[in-house]
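Presented sequentially are two complexes of subunit A, the first with subunit B as partner and the second with subunit C.
Here is the complex of A and B:
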């Protein structure tokens, strides 16, 4: 890995992050001259105009909306670099960063287990389908992949929660709110979380498994035509050694790319699922903020998600260029 | 007048292309399935008022809430509002199909314009567009769409615009990388050599070359947009006045369809979403299979290659080509092996569908040039070509002559010479 490549990538990342912050600063200001006007209370009967002005000014100061737009922008940036994403409009005015810290682990429980399960099972199924190319296993996978791609995850989730949750009552259809509130690291708390997370993860995993299986299959088939596979077979290696030792290892590169993309979507990818199962994560936080017109919280969440995605993309690129030095650095894949 | 003629010609070609696509699709087994389902849904959407037994928008035609299926209400009635679910299902086709298709087309236009500009013009245009793509790819799409609808409202136009504004990035990337390959194809360089303007080349050569890709991706993006729209209206953030499948699902869930065991009110809109998305995906995948020669069976590649060799290019520029290839300065030779084969693959699908090397007669291109230049060029050709041909075996003299000829051509204003060494991506 060339140092110039690393520096170039990091500079680009910082640049993109600055643009994202700027966007997030200006989106709430589209079409309104005074963004704080959303938060002003109504002027009560006995209140003089001066008093009302004073209250408005206090609110502007509280949300960092005082002064000219340029000044607000500078303040916003300065706050961001000290880790302050602003103040939420919720009752009690909590810091945005605290709200995120509270919800983030619960989203990660869902999305990380989804990612790992679909990665492992998907690669196994995909390798098998490639090995049995053209036979019924392969055709089944092809059909399954078109069908599950056309089925939105939230519809799968609804069906699952209808049958497994309500009809047969195997898993809880709604998350127990006590679970997140009183979580200690006891065995019982952990098992409750797993029990509650079963349905949402199941709903997300179906699509994930099939997409990983499909891309593994294509990549394995592309590699298995190469000469070194023929050599390995000619040497008399067992099927398993050829598959796992030679083919799969070289077929991993596209999967690394896909994995990286999924990692960057870890936080923002489960909004609808969380809503269906009443899961107390980032998606629910965002939707609540949206229905309260809580712009500081929404923009804070967006900036946080973007930062996460940027770091994930950066790491994926570095891992990729370590795995495949042929990627003449700087070339896009 | 000329603009009109050009536009007319483009539309005619576009229609011909579309006709050929439908023919190819119909011959493809999977594509036919998709076409039939789409046609069925389109009929439902257009004749919804005739087919549906009730008008779901009409408040007076609402029945009791949460009725179970019967002959009067084939799929029962909605739990929250008492509308007939079967009628809602039919009316829901309208919003799903229209938003999917319109957004798909807008994205195709945006993505192709920006992708072609980035790929063909290069330089700062490319950098600018690609940085915008980078930014949009990083921001999570669903939250961004939600914020934008919060700021701008949830009318039909806003939803289409917001989806289009954030959905063009993927297509622009693909188009850009294709254009970079096409840029180095013989026929584009021939047009540049004769002095065609950049706009002319983008309009007449690059756009037809990526049109296959555009039609294919329009089908696939429409499918994606349908899912996204269903998700948005499921969250209650879609157009509140329209009837859509996502909103039906949300109503069923919030009304307690699960508690009462009303499986039909969940399954019906779900199957609607599935059918529309599935059919569009089928069409997109079938087109991909038809257009991608690597997936085709048999020796069509060989046939196509022969066809390509018979184009006018070789007749007109044979001598020049031969000479410059000997010297190895031709762009094709400077390209890495991988890119070269890709270029070949790209050129090969053209004659099948009538897209890419639509042979433009040399006279037609020459119209762009002033008469004096043509005369000079003709004189030059007559003077330059025969010696080059005869001297081709002698490696020393031929390249010098051709290079001189090329250099003189490139001095014409407004027509920069082909960047022969700039083969790769950035």
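Here is the complex of A and C:
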């Protein structure tokens, strides 16, 4: 990996990031002639049109929606460079960064536990299925993968919430709203979070586990047939050395790619699940912002999501080149 | 004492299409320090034979039966997989055909050779130091020695190279270094130079031959390339459809082939000073391993085939001096050629 290549990749990532911000700024404004209109008070009797126009202008200034769209864009970008994401239109005018800081950890609770559980259990099951190739364990995985591919996570979530939540009342079907407000790192609070997160995480990991297991299984089987595995055996290596030193090392390469892609979806990947379980995360925040035309908040969330995805992709590429010496990033042979 | 003795080796693969009899009862004896070549077309069971000797065929699917399997006088027929791990690499080693795929792509080649020393506990330090670090250091020292032995320059530098960073000839040398690492009695080379250019082939074969002579290692050379056999082998086994059809010393086989199939193989190689004759092709191709012909397996492609060849499999007839041939008509063919 050359330093010049790394710098080039980072600069390109920043450029893509700026393009994303620009698109995120203009697209929601398409077709909306005056986004501030919903905040105007009604024109009372006896108020002249001039006075009313003045009031409207004041409101536009208050929300930062005065001037042309392009002028707003320049202002927004200028603020962004000073680290200011603006103020939300929500009542109480909270800073966007505070809204995100409040919701982001709760989304990460769901998505990170989903990712880690899927990865670890998926790899274990996949390796076992490859080991028991063609037997019932393997066939079970194949059928499970057909089913979970056909069943989206939100459907599984609905079924789980109906049976485990409403019918049998084992886990909460709706998140306890006091959970976030009163969180204080006590064991009590942590166990409440785990109890409430059980169903949404469960709904997400089913698909995740099967997907990782399936790709691990295929990858392990493909590598097991490679010639260098035979070489390793012909050298007299023990089975463990062959499996851990040669098979898994090579079989994990595609899994790293899959993992990197899933990391980039950590923030935006659980919007629907959050809605179903009324989980106060980024997804809920984003949908509220959307229905309120809350531009600064929408922008802030999208900037976070895209920055996260871009950095995750960048890191995956770099990590991959460290794991596989054949990937020579940007080097000419 | 023979370096390798195989009696009545049979390998069967049950498939959905039918039973594949890959190897049908072959005997091989290789004297210590000699090179025996197993020659035949692709698909005749050569590679399966070599894997069966290493006990590297996965069973299932393969079914292996053998009456006698001895390595340097030691019976390995009944060894479990765990016991075989101590034998592989140390007493018998293997060189594979395509060095690019036979080496782990994400591991430095030096480390891949280290593994053999570490697996067989041969890297204990000279002054009794047996710690993990010392063993690794010693393994590395031995690996670099082994790399130098096969003519790799800058061995210290190449130790750290990944397989894709080396040339084809260099990679094959690495495989040879790997095979000779523990100084085994027997090395099985499965088409060791097929993936190389002709010029590189000659260099690599020189290295192989040279080391084999110096170390008095026995070599089982599996190939379809008769020009290699001529230079390397002391003895030749000609294999067809899972059976040995002719066996003899290299000189005997090249000067005086008895089996029509051997004649066909020899007819298809070029010889200097032999400008007038054209290449002779063996007509048609290898029969399906599931539906082998009745009688002698070679009869549909044999110009000398008679009625008996179509119904009865000829036995492997033993002639004087260890020479064997599996043909009903070899005497007539020989007389016909001379007369």
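Methods note: the second predicted complex is superposed on the first by the 313 of 333 C-alpha atoms of A that agree within 3 Å, B and C clash if a C-alpha of one lies under 4 Å from a C-alpha of the other, contacts with A are read in each partner's own complex, and residues count from 1 in each chain.
Throughout what follows, a residue touches a chain if its C-beta (ideal position, glycine included) is under 8 Å from a C-beta of that chain, and two chains touch if they have at least 3 such contacts.
These figures come from a predicted structure and were not determined experimentally.
In the superposition on chain A, contact is made by A:149 with subunit B only, not with subunit C.
In the superposed model, A:323 lies in contact with subunit C only, and not with subunit B.
Contact with subunit B, but none with subunit C, is seen for A:310 once the two complexes are overlaid on the shared chain. Contacts of A:235 after superposition: subunit C is touched, whereas subunit B is not reached. When the two structures are aligned on the shared chain, A:131 is found in touch with neither subunit B nor subunit C.
Of the two partner chains placed by superposition, only subunit B is touched by A:268; subunit C is not. Counting the residues of subunit A touched by each of subunit B and subunit C gives the higher count for B. Interface residues of subunit C facing subunit A in the complex, by the touch rule stated above, are 54, 56, 81, 84-90, 93-94, 96, 98, 101-107, 112, 115-116, 119-120, 162, 164-165, 175, 178. Of all residues in subunit A, those touching subunit B in their complex are 12, 15-16, 19-20, 23, 27-28, 30-31, 146-147, 149-152, 154-155, 158-159, 161-162, 165-167, 173, 264-265, 267-269, 271-272, 275-276, 286-287, 290, 293, 298-299, 301-302, 305-306, 309-310, 313, 330-332. The residues of subunit B lying in touch with subunit A in their complex are 131, 134-135, 138-144, 146-148, 150-152, 223, 227, 230-231, 234-235, 237, 249, 253, 257-259, 261, 263, 266-267, 270, 273-274, 277-278, 281-282, 285, 424-426. Against subunit C, in their complex, subunit A makes its touches with residues 226-228, 230-239, 241, 245-246, 249-250, 253, 323-326.
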